[in-house]
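Note that the chains take the letters A, B, C and D in the order they are written out, and that residue 1 is the start of every chain.
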Amino acid sequence: MKATATMFVTGPDQRGLVARVANFIFENNGNIVHSDHHIDTESKLFLTRVEWELDGFRIPRQEIGSKFAPIAEAMQMSWELHFSEERGRVAIFVSRYEHCLYDLLMRHAAGELHGNVALVVSNHPDLQPLAEHFRVPFHVFPITAATKKEQEGKELALLEEHRIDLIVLARYLQVFTPEFVARYPNRMINIHDSFLPAFVGAGPYRQAHERGVKLIGATSHYVTDQLDDGPIIEQDVMRVSHRDTVEDLKRKGRDLERVVLARAVRLHLEHRVLAYGRKTAVFD
Amino acid sequence: MKATATMFVTGPDQRGLVARVANFIFENNGNIVHSDHHIDTESKLFLTRVEWELDGFRIPRQEIGSKFAPIAEAMQMSWELHFSEERGRVAIFVSRYEHCLYDLLMRHAAGELHGNVALVVSNHPDLQPLAEHFRVPFHVFPITAATKKEQEGKELALLEEHRIDLIVLARYLQVFTPEFVARYPNRMINIHDSFLPAFVGAGPYRQAHERGVKLIGATSHYVTDQLDDGPIIEQDVMRVSHRDTVEDLKRKGRDLERVVLARAVRLHLEHRVLAYGRKTAVFD
Amino acid sequence: MKATATMFVTGPDQRGLVARVANFIFENNGNIVHSDHHIDTESKLFLTRVEWELDGFRIPRQEIGSKFAPIAEAMQMSWELHFSEERGRVAIFVSRYEHCLYDLLMRHAAGELHGNVALVVSNHPDLQPLAEHFRVPFHVFPITAATKKEQEGKELALLEEHRIDLIVLARYLQVFTPEFVARYPNRMINIHDSFLPAFVGAGPYRQAHERGVKLIGATSHYVTDQLDDGPIIEQDVMRVSHRDTVEDLKRKGRDLERVVLARAVRLHLEHRVLAYGRKTAVFD
Amino acid sequence: MKATATMFVTGPDQRGLVARVANFIFENNGNIVHSDHHIDTESKLFLTRVEWELDGFRIPRQEIGSKFAPIAEAMQMSWELHFSEERGRVAIFVSRYEHCLYDLLMRHAAGELHGNVALVVSNHPDLQPLAEHFRVPFHVFPITAATKKEQEGKELALLEEHRIDLIVLARYLQVFTPEFVARYPNRMINIHDSFLPAFVGAGPYRQAHERGVKLIGATSHYVTDQLDDGPIIEQDVMRVSHRDTVEDLKRKGRDLERVVLARAVRLHLEHRVLAYGRKTAVFD
């Protein structure tokens, strides 16, 4: 695997955007390995992801941004730059359900995720042995209505100390304050145990059972102020029948939750997810 | 294919139900070819579907019901009896979208549906040539707010005249009055162009596009007074991405609508769907 | 929908390919609406699909090829150029099964396919009424071992006369001679009624039933000399169980065959399929 | 969860089978909670699974078999009897890939499997820490061509000592001798990393990549003498594209392998799988 740089570029559609970006890379002797350019015709927005090999690229990494900035500015483009060598630093938040945490740590150990799980945070001590098995530091911050704000402050300090890039809510059953959420825009991924927007909020499997649906789902999304309303990254479903009890739905749902969350985390860490407005473009 | 009888039996769970039903058939020399017995543990309800060959069965068809009735009564069971030789008589209601109508008539012509499509009813004349190609009578009843009640009366008269057993709403965009709906309880199947309960009501593909979902769905259900709220028979989904416009969702959705509606109609006509409460048991 | 040009470019991977192509378009005042560039790391091959608006483009359509040719030659690139205004001319070959033909003609009538179905060819007269309903000319060429070569000659003459771009084998049960196949390389799409490479050849549903598989499939692929071995364009599967007879598999399989073939035809006609070696890249 | 008994009954189809079985249970005061009766019309075989509550049942557990035997004999029926209280004892065989082992042990710890994982056997020591984390004994039996027979003897002794009911091959890369296989007929479940019968044998993901398939699959099956040819219990597939390298296929495939194997193991342990001939009936 050669070292690459990946750039997201977005902005109002206009002639020459692909050429400008491609030329910037070519003229500096970069070799584009993937390039995907899409125009959202409704919002007149262009969405580009381009990845090129850094071997032989004439601009040093730390100067690429400043060299590209004037080009972007001239065309009113927003951009993000990532390097394949910089693995995202991840904090996993979890309550008592273990399946998503197991899954993520197992994938992490297997090298499936392009990131480093730096720590696990929980409002309960139950899953400490699991984190320890995978040799990941585990921190407990019990939360009550009275202590939430204060505890979030401590959590934020911890996250900053570890320079966390991505927060993964792996069945973390606390709702964050808007202040906390505002600190990690499009960098906090939640798994909701339903096919959103169906069954928002608590007890989605019970809701699904009562409604008599024939498929259950799971949804991973970026967290916003609005409960279960952030940009969706990935969804999947599974067939159920009248024979399935609520417990069966929960069991089947766990398999969905694990893979849907893991896919979203992997896509984010590989810089394949671009949030725009209420949506995401997923370049897979 | 030998002639068979199919019986649905439901009621409060108690000992000996399967044995009573099986014995009734065995003692009269019937051979059970399928039998499926399920207990809904939450509602303490048993749900049974049993199918047996009529060849050699000692009770004539027209007397089976009256002979079984006392057994059922003794155990507070509800029951339905169907014969494989009696093909359900179907009326398809449609507005201007043709894909579901084409699909159903094509399957009907191919012998896939265990029923006879006796007529097509529409509030627009547009699809008359399609019905004629398949040699199915086509009736137009234009509907306005002012004429709806009167037109429904004429439709009901037509349905009765043709002894219709099942109404299929193949993208029929009018809402029926509660009086009409009450005449065909669990005998009117609708296709809704979303994964219910997400995106109830009008414009589900636009709603789905705005929410940025990664899967779209379709739902077939029995019609009740409550819009898009009846017992669900079948659902399915299809993957979409940020590249799909609303028009793409509609195109992809048509494929979903066709198969999801056709599956529900086929299951109903083969007497494999048992509605109970807000749900269905599907014995497939 | 604005008029666009679409170009496929392939060749040995080297620096600057994306930039060269993007510049060619930009310098002539074209606006790229989609661009997708992929490198097949094993074969060191780059695969590009780029689509741009022709409105304002400085090179007239008929000269774009000759202007691009020297650029391509300098970099050993192969290329194909298509215009959105030129709808592919399609001939559908069919035997006696009607489901795929119905499906394609229905989609054609609904405007789903970016092409014109110019004619239907069959070795049997059975489906003539179906073609006539959709007002598509129908030609019968009965085939026996003795007459095959001669009949293929007549078919080829007919295809040339109608300037056919794409042949769709919609359950056409004759095998073509290698000479015929050689005339339409990567322009003849077949639907095979299994998940290839499982169950090559005749009777795949019976084979599947005997093997006791839990999913059945369908595969659309370009036709090559080798039976059922051409580059795969699209595949899909459906769940089955021990309850399904061979007839049930065939019925379920028809739904698969229809959609899998239709997707492949649509993708081809929108110039989203690029065959390379034994494979295809599908830019969807 | 009340204690139940589950019986599989198979044999040549004849009148009164359901009634005989149902009566046996009813007359002894059992309450049937699930009953599923199917006739395989091709082989004229009936396949029944019936489950009833033992609470109040008049025959003691250890005598149920001997009381039912004469009824079965009279009708040439084969049968199996299981009690919900008797959890199957499982041995997991594994080589070096850890994902299936993690998955099974995680589910076991979460109470998802109706069985007890008594031990893990491997031909390599690598996964010992994993087994220890879940507090399951781990045994290493290195295998070479020369030692296979002898080592299998030791393995068999260990399995007998622990009264193992089910062997799960969770990516165990050794082929057993026919003698070993003969000891656990329909009690040894393998996971094969392809959609069988496509890509039998070694390197299925590489084979899939070379063939350019658009879906990859996994298959769980009972082990027989014939490689990858035993009765299939469960299969599933996942979409792939030309962008996926062989490594991507392997990564995606691991997710398939885990869930497909886990579903098969769960179904077997809940006595929902009935092998007959080359196939299985799955009562789910």
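We adopt the following convention: a contact is a pair of C-beta atoms (placed from the backbone, for glycine too) under 8 Å apart; a residue touches a chain by one contact, two chains touch by 3 or more.
The model shown is predicted, which means the values in this text are computed figures rather than measured ones.
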{"item": "B-C compared against A-C, more contacting pairs", "value": "A-C"}
{"item": "Chain separated most widely from chain A, comparing mean CA positions", "value": "B"}
{"item": "Chain centre separation (chain A, chain C; CA means) in Å", "value": "36"}
{"item": "Interchain centroid distance [CA atoms averaged], chain A/chain B, Å", "value": "41"}
{"item": "Multi-partner residues of chain D (each touching 2 or more other chains)", "value": "38, 243"}
{"item": "Chain A - residues contacting chain C, complex", "value": "13-20, 22-23, 25-27, 29-39, 239"}
{"item": "Contact footprint of chain B on chain A as seen in their complex", "value": "38, 40-42, 47, 195-199, 210-215, 217, 231-237, 241-243, 245-246, 278-282"}
{"item": "In the complex, chain B residues that touch chain C", "value": "98-99, 102, 106, 110, 112, 133, 243, 251, 254-255, 259, 284"}
